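Each structure below is given as structure tokens.
What follows is chain A paired twice: with chain B in the first complex and chain C in the second.
For the complex of A and B:
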């Protein structure tokens, strides 16, 4: 299929439709509004549902309803809106429901700003709402990945019966790049647990997160964490860039990884062997490759659009074997390739 | 080739559109492309800019901080980005709206009264395409061949009648002698 030029936000929407999603519920917020706008145009033409809810909380609970019936459903928002959705996300996790939540991040906390950010990393990867749970968190770094990882997120959510999040940022949402869209697939749910009416032919199913007997609730949690262990074992995704002979390893995702690649190219021109590990799944985090890399590099540099959130997972992964420094900008600012290069030079021990 | 282009001006001058035309043309030529708009509380009359990268190798950061090609369609844009251009960069200035000259001597400045040319042609909203024509002529970043196809993808279906006007403006800029 020929490549087309699309905004990242539009690529998410089109890819979701091609993955068989026919139910989108949202509420507008910059910088992800194009997802909703695209859905509002396309869904009515293909017999799908686009609904602008009265609030983010309402939208995520509509997703809960559709997911309970076994169909592919999604919602999207940006940081302040995703905070509002946390109650519903916890319920989705507690009911073991597959669904897609998209967060095109902007600066925070509070209403913050509307420029790109990655400061919802903790919220996305450590649970976000109440209770013990995880989301599968995918971090696209191109418009192509905005499309591909949307499809992947739906597939993984179904495979493990758990909600997945696409964690993008304002740059990824707003930029246009050539994208080869996935082939449209008809979605045929195979989910015996859904609440779709028994027609008096089977026992009724229950989708619920309330367990008042503590032994039962404990058991539910333990089972869920067995599932999470299997996700951690089987679904880690990352990209390695020039790490084979690297002395310095940059770790960055999304837009920060794109900027870091420029800096690494420049560092190599100056004879500094820098490389990049780009986590594609933020949960499960690619701890294994970081642990292995720790044996052969001087140290790690975490490049983030936050005050330093992923850096904690890097340190846990490499068990403090090597120094980990932070190179970051916040509030909607993006580190320049020069800033990342300077961090590389500093770790190398050279003078700028 | 890895060409970083920054287009800047007032909202309403078609800054983002000019970037899109370049991006679609690059795509038609099978190049690697990125297009990134400034976004935010922008409005007609406010500032707008857009980063376009056209390359034969994968595009790293889509943010253009140090352009090889700078298009400045108003004075605040020239003031803001003149120093950011790389040495040897080509600067394209709408000299009808910007009275001052480029201060740097290590860049190549082109002065095109794009807004005036557009008005004289009866295409007052297409100064962006005039200046784009000149950019194509002087830099060869994309080719003039097949430009109509790229325009037909950029222009929305309901404005398809304006493709020829856009093409006319680009050709006028292409043929403008400083």
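For the complex of A and C:
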């Protein structure tokens, strides 16, 4: 398959189609509108469904419907729109339904702005909806990963029967890069629990999150957390960059990781041994590698496009063994390589 | 090259219109006293001619763009100076049109002035590495949609086929074959093949126009 030049948002849409998704429900919002625009052009040509819903709430509940029937479905939005979807996301989790939710983040809170941000980290990884649940959260850092992780998200969602989220930001959605698209796969669902009609040959399947007996609901929660434990054990993904001999470890995901790599190159030119851990799964968080790295570095720098959200998971992971500082810009601004470099120089000089 | 008073760059979104428009404006400035570049993109929130504001200013090129470009305001608004771009004939003008037919709608209200003056080149920018315009027939469909929305007929084609940093001479050559086919379909001439400056000498084509690419902060060294 030859490479093509794609916007991050288009790569998500095309990869989803190639992963067998034939149902997209959305509502336009900058900076993710190209996902819907691309779907609106492609879906009618391949017998799929593109539907611009009357609202984000409506769109996520359409996903709930298709997922109950066992097919691959997705919705996408940007921060304020994803807030609206939270009720539906909690319901998807409570019904153990696989589905993909894409958040191409913009500045917040409230309507915020249309420029990039990573300030929905808490919402994505700690559950923006109610109840005890997790989403599998994947954080792409290139247009290639926008495509690859979209496929991965569908696969993981099916494997564990839970919703997955692709957490990108406006820059990732808008930037253009060459990408090798995954081979198209015909999707054949193997899901005995779906509501597709009994044909009088089996008992009714029920997809529901309401439990009238508290003991049963407790049991359901316990089972779900066993499943989460297995995701945490088996599905952690991260990239290590120049961490072998690093004295200072930058932790960053998405666009912040790309800027950080440039800063690390500059720091190394000045003789400062800096490295990077880039979480690819934000949940499950790569706590193990951070705990291990804590023994050999002076400290960590969390580079984020937020007031400091992931930094809490870093501190929990390294159990406060070493100092963790924050280098961040917010409101649609992106830390420059120079700002990250300065944070590295500061930590090298012993300032925490 | 025969320079018209107004040069418009339109095409599928992500085909490279903005980069080309900036290069074109800088070249025009070497030949003519007053050059203005206008960003008519009301669709795309990021990566605009405003990103090249410092460069354009250094070359003494006037710029007109939405005061909201690259801001947090998501309004499809254009400033009133935009009329000056088409009405004031003392300046050479470069117009960067938004992608696809949706982007070209903004051109509609300026089209009558441009058509009346009749000193324009309306250039279709084609990148055949883009997934929805990988062949001449698909590009032709986009071309017709844009003309319908913008109200100005295309007068020429530019082959801007590239794969960003992975572009090799063959990329451009393959694109030029598809551009030839688009030329046959549309009856329009191929004006030139635009190629990133360091590659331009390696491309064995008659009409190569070397361009500089605006580097972005997230690109790795």
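As a convention for this text, the second predicted complex is superposed on the first by the 349 of 352 C-alpha atoms of A that agree within 3 Å, B and C clash if a C-alpha of one lies under 4 Å from a C-alpha of the other, contacts with A are read in each partner's own complex, and residues count from 1 in each chain.
The working rule: contacts are C-beta pairs under 8 Å (C-beta built on N, C-alpha and C of every residue); 3 or more make two chains touch, one makes a residue touch a chain.
It should be emphasised that the depicted structure is a prediction, and the values quoted were computed from it without experimental measurement.
In the three-chain model built by superposing on chain A, chain B clashes with chain C. Look at A:66: by the touch rule set out above, it reaches neither chain B nor chain C. When the two complexes are overlaid on their common chain A, residue A:6 makes contact with chain C while staying clear of chain B. Judged by the number of chain A residues each one touches, C leads among chain B and chain C. Of the two partner chains, neither chain B nor chain C is touched by A:347.
Legend: residue contacts after superposition of the two complexes on their common chain; A:170 is shown touching both chain B and chain C.
By the touch criterion stated above, A:21 is placed in contact with neither chain B nor chain C. Contacts of A:41 after superposition on the shared chain: chain C is touched, whereas chain B is not.
Once both structures are placed on chain A, chain A residues 3, 5, 30-31, 114-115, 170-171, 174-178, 255, 258-259, 261-262, 265, 334, 336-337 are touched by chain B and, in the other complex, by chain C.
Considering their complex, residues 3-7, 10, 14, 30-31, 38, 41, 107, 112-115, 170-171, 174-178, 181, 255, 258-259, 261-262, 265, 331-332, 334, 336-337 of chain A touch chain C. Residues of chain A touching chain B in their complex: 3, 5, 30-31, 114-115, 170-171, 174-178, 255, 258-259, 261-262, 265, 334, 336-337. Of all residues in chain C, those touching chain A in their complex are 13-14, 44-47, 70-74, 127, 129-132, 134, 162-166, 216-218, 220-221. Contact residues on chain B toward chain A in their complex (touch as defined above): 20, 23-24, 27, 32-37, 39-41, 59-63, 65, 153.
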